[in-house]
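Here chain A shows up in two complexes: once beside chain B, once beside chain C.
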Partner chain A sequence: MELLIQNIVTGLTTGMIYALIALGFALIWKSSGVANLALGQLVLISSWFTYGMLVQLKIPFLIGMLLTIVFAILLGWLIERLALRPLIGQPILSLIAVTLGLAYFLEGLTAFIWPQGQGYLPKAFPQDPIQIGTATVQQELLWGAVISLVLFILLSLFFKYHKMGIAMRATADDQLAIQACAVPVNRIFSMSWIFACIVAAIGGILISSIAAINYGLVETGFKSFSVVILGGMESFLGCIIAGPLIGICETFGGSLFGSSVKELIPFLIIIIVIMFKPFGLFGEERIERI
Partner chain B sequence: MSLPCGTRNYSYNTDMAIIRTKTQWVMFSLFLLALFTLPFYLPSSWFDIVNSIGIIVIAVVGLNILMGYCGQLSLGHAGFMAVGAFTTAILAQSLQMPFLVSLICSGLSAGLIGLIFGIPSLRVKGFYLAISTIAAQFIIIWVLKNWTGVTHGANGLDVMQASIGGFIFDSEIKQFFLIFSVAAISVLFATNLARSRIGRAFIAVRDNDLAAAVMGINIFNYKLLGFFLGCFFAGIAGSLYAQYKGHISYEDFTFQQSILYIGMLIIGGLGSSIGPIFGTVIIETLQKLLTNWVAPWLEQTITFLPTGFSSGLNLMLFGLVFILILIFEPRGIARLWSLFKGSYRLWPFSY
Partner chain C sequence: MLNIKNIEVSYLNVVKVLHGISISVDDGSVVALLGANGAGKTTVLKAISGLLRIEEGEINDGTIEWNGERIDKKSAVEIGKLGLVQALEGRRVFGHLSAEENLRVGAFSRANNKEVKAELSMVYNYFPRLEKLKNNIAGYLSGGEQQMLVIGRAMMASPKLMMLDEPSLGLAPMVVQQIYEIIRRFNMDRRTSILLVEQNVRVALDTAHYGYVMENGRVVLDGSADYLKGREDVKEFYMGISASGAKKSYKDIKHYKRRKRWL
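And now, the complex of A and B:
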């Protein structure tokens, strides 16, 4: 029983971070229909940037965070402007491939500027573990989960009530129609990339202040694809529910079959979901016509 | 397919031929001659590059069948190559099978694994399929890593060099002839496949699978056949890689390599028979030049940057070329080549 609760708590908190990264994916998919496969690399580069600010240049914590957010905004804007915008209207294969090229480029860029391959951020959160009932949980993970939840609520509210958010949803629905309503579609795409990069940066800071900055971040990015697939690609709610689910599956699999199985579980979930319920829990099923 | 000016066909055979004119025959023979006499004039230090180009061409030709013709994305091609490589390692090393048998078996086993991961392609496409093949890559590598009884985990397996009928391919140059014979057969097979009923069905499925189904093409069969053939070639390439390197472990087949193959294919030209060759030769040569000469030179001249900074150069430049090609010439270098041929034929007239 104790083990059960412990696993659930650990799974929930680690899963929330997957959910946070997946949110960045859903943002872009929702408004522009581009699948961003460079998810992990965005997390990687913003974590390294934070490292450069906080550790190498020794900038105070809060200013460093602020600079990282500014960097994320710039990065998102640049990516959309230089790589994605020229490809509007191209086949889906090109759009997928361009994010792969982007992934390669960003990975190379990080290896170029920070070749050491491993870095540690100063700890942002208190270290001592907290007791929840019979389970102990690292306080950092709890903070991460809370921040993800807050971001999720903010984003949902933004999409529900803010003018820009509504325009973004409308763009996802029908680009031509929204263009006819004099909404600048280009700016909406650009905004969605900026938001996604900010979310990735926050996710990156959270994960890398808990663990180290290394290539594992990219793999975390791949694992959060399972969240996207299980939750359904265009659903924020899906992300925030599927993330903890996957986290729980992971910790249970890890404690039942040994820790090496843990890495495998997100990918197995991807295959199983795609085979039996391809549009996930909350995704909308698209009917195709010729 | 454009017909050279002044060429007439008097029989179905000439109409179907890949090589139509005398000039094309001469050029083709000269190319083959130049290719297979490479050992006489190329310094032997170059042969590791040339051989790895040959192996990768086979894998990318397979990817071209799957992606270029059949339109199904595979982000796990290195994983399928790993299946072939380990099959060869196990069959040739532990069970002492002859090389040709293990070569074919590697292709078949990779093809079968490809079939399993190709099943989702019936229900999903585009990005969903891309993700499921990413999962395939990681699942395959995980199995190879953790099934230590067979694959020896991180230690990997030793593989003997190939031998056919007592003739052992024990030097770079002998390997060159083996690899390039297989590569030539693969390219020829893929070229002819694209012109057959199967190839045309693939293209119909790629362009619009619903419309293809309405026209009476069994998309389930053809998509799975695409996966099987694509992964078959990956397996063959993996098998050749295993016996060429002499030692393999799961770390040789990373996800980055899968992306690299896709990049080579797109840079070379999707859905053209010559594209994989262009892409592989150009990217592989550039990468070797960068790592062997440019990177050390940069490290020596620019000393104020941290050591090892040039390790990212390769990835960065490849990503950049990849994005630029997608933006400016989505049909790749093969398209440029055919434009060049067209204007050469008509020269000095511009139309």
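And now, the complex of A and C:
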């Protein structure tokens, strides 16, 4: 019983962080139809950047966080400007291939700047475990989940009510018509990359302050792919529901079959979902009036 | 006032589609661009709104002036902000957004929320039907409702010149009448100039003050709506009415005679 609750809470909370990172994918997919394959690497590089700020340069925590956000904004802007904008109007496959190239570039760059391969951030949250009923849960996981949830709600509100958010969704539907409405699409694309980098950075900090910074973060990015695929590529709600679901499956798989199976489970889910529900749980179906 | 002087447009630097077109739209007037498929009507609108460049088209020669200012080098966003707004052909709504969100996107370049609210109630005033449907997903609206939404979205920008590309396309005659009635009202209430591209010559000339007939990238005939309506060749080739006033039966003419050549 204790194990059950413990697994559920742990899975739920880690899943929330996956969901946050997955939002970074959904954001770009939603506005430009590009699948961002560099998700894990964005998480990796911004976590290492935080490490560089907090541990290597010994900058105070809050300022370091702020600098990381600024870094993420710049990164998103640069990526869109240099890698994707020249390709606007080209087949979507070339854009996706560019994100793949970007993934390896960022990975190489981090390995070049931070060759140590493993790093630890100072603990951001209180360490004492919390008792929920009879189960003990790591407090920092709960904090991570709460922060993810808050960000998720903020972003959803932005997309629902802010004119930029609405325009970003509209861009996904019709890129010519949006320009006929005098909306600068370039700005929309760069906004979506900036947002994606910010959520990737925050997700990265949350995970790496709980565990460690290493190549595993890239795999976290891959796990977030399984979140978007299960939830539906463009659905925020899908992300926030599929994230915890995958987290729970993962922890249960881990405690039942051992930790090597744990890593497998998200990918197993990808295969099963694509077989039975190709649009995901909450994906937009293609609207076609016949 | 819009003044197009002698523009030539080609796509991909190869396919020349407009060979020296000159058109002007006076403030507050409704002007119709008529002609068969492929005559270059839509290209004229895209050249004005700046959407041409997005589709690899280019204005090689000639000028487009809006109130004396050259706009043929400006971007689509800049032109939109000047108040020249194009409603695209083929009911291109944002399918996954609600009707009201669609309208809000139309007012993107408006600064404050209050203005947007005022524009929204203005559009709902013209299209009461849209107010009832405002929370519905646009992709599931009927064809007529989608067309209203596209026109409404163009109205949201409170345009000085509204360009409508085939608002009657694929709609029932009743709905076409309704939509044109609203276009007429909008033009009269707000003195908004309207440039209309239309295949449905009859309804277009009933609404417009002036018309241009285009063929193969050239203007072959222009004049006031009444003049055009009175022209025998316009009647015969675009409205299907013969000189005697009776509906022409194409069964009676030999095939080779049917194609009208203006030049």
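Convention: the second predicted complex is superposed on the first by the 286 of 290 C-alpha atoms of A that agree within 3 Å, B and C clash if a C-alpha of one lies under 4 Å from a C-alpha of the other, contacts with A are read in each partner's own complex, and residues count from 1 in each chain.
Criterion: a contact is a pair of C-beta atoms (placed from the backbone, for glycine too) under 8 Å apart; a residue touches a chain by one contact, two chains touch by 3 or more.
Everything numeric here is computed off the predicted structure, so don't read it as measured data.
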**Report entry** Fit-or-clash call for chain B and chain C when the two complexes are aligned on chain A
**Finding:** fit
Query - First (chain B), second (chain C), both or neither touched by A:1 - result: neither
Requested in this report: Please state, to the nearest 10 degrees, the angle that the Cα centres of chain B and chain C subtend at the Cα centre of chain A after superposition.
Outcome: 90
Requested in this report: Figure out whether A:184 sits in contact with chain B (first) or chain C (second), or with both, or with neither.
Outcome: second
Report task. Pick one for A:98: touches chain B only (first), chain C only (second), both, or neither. Result -> first
Query raised in the report: Just chain B (first), just chain C (second), both, or neither: which does A:62 touch?
Result: neither
Requested in this report: Considering only touches as defined above, state whether A:256 meets chain B (first), chain C (second), both or neither.
Outcome: neither
Query raised in the report: Is chain A touched at more residues by chain B or by chain C?
Result: B
Query - Minimum C-alpha spacing, chains overlaid - chain B and chain C, in Å - result: 17
Requested in this report: Find the residues of chain A that appear in the contact set with chain B and again in the contact set with chain C.
Outcome: 289
**Report entry** chain A to chain C touching residues, read off their complex
**Finding:** 89, 163, 166-167, 169-170, 172-174, 176-184, 284, 287, 289
Report task. Over in the complex, which chain B residues touch chain A? Could you list them? Result -> 67, 71, 73, 75, 117, 119-120, 123-124, 126-128, 130-132, 134-136, 138-139, 142, 145-146, 208, 210-211, 214, 255-256, 259, 262-263, 266, 270, 306-320, 322-323, 326-327, 330
Report task. Name, in rising order, each residue of chain C that touches chain A in their complex. Result -> 49, 51, 54-55, 76-77, 79-81, 85-88, 92-97, 101-102, 104-109, 116, 137, 139-140, 153, 157
Query - Interfacial residue positions of chain A with respect to chain B in the complex - result: 35, 37, 83, 86-87, 90, 92-94, 96-98, 100-116, 222, 225-226, 228-229, 233, 260, 263-264, 267-268, 270-271, 274-275, 278, 288-290
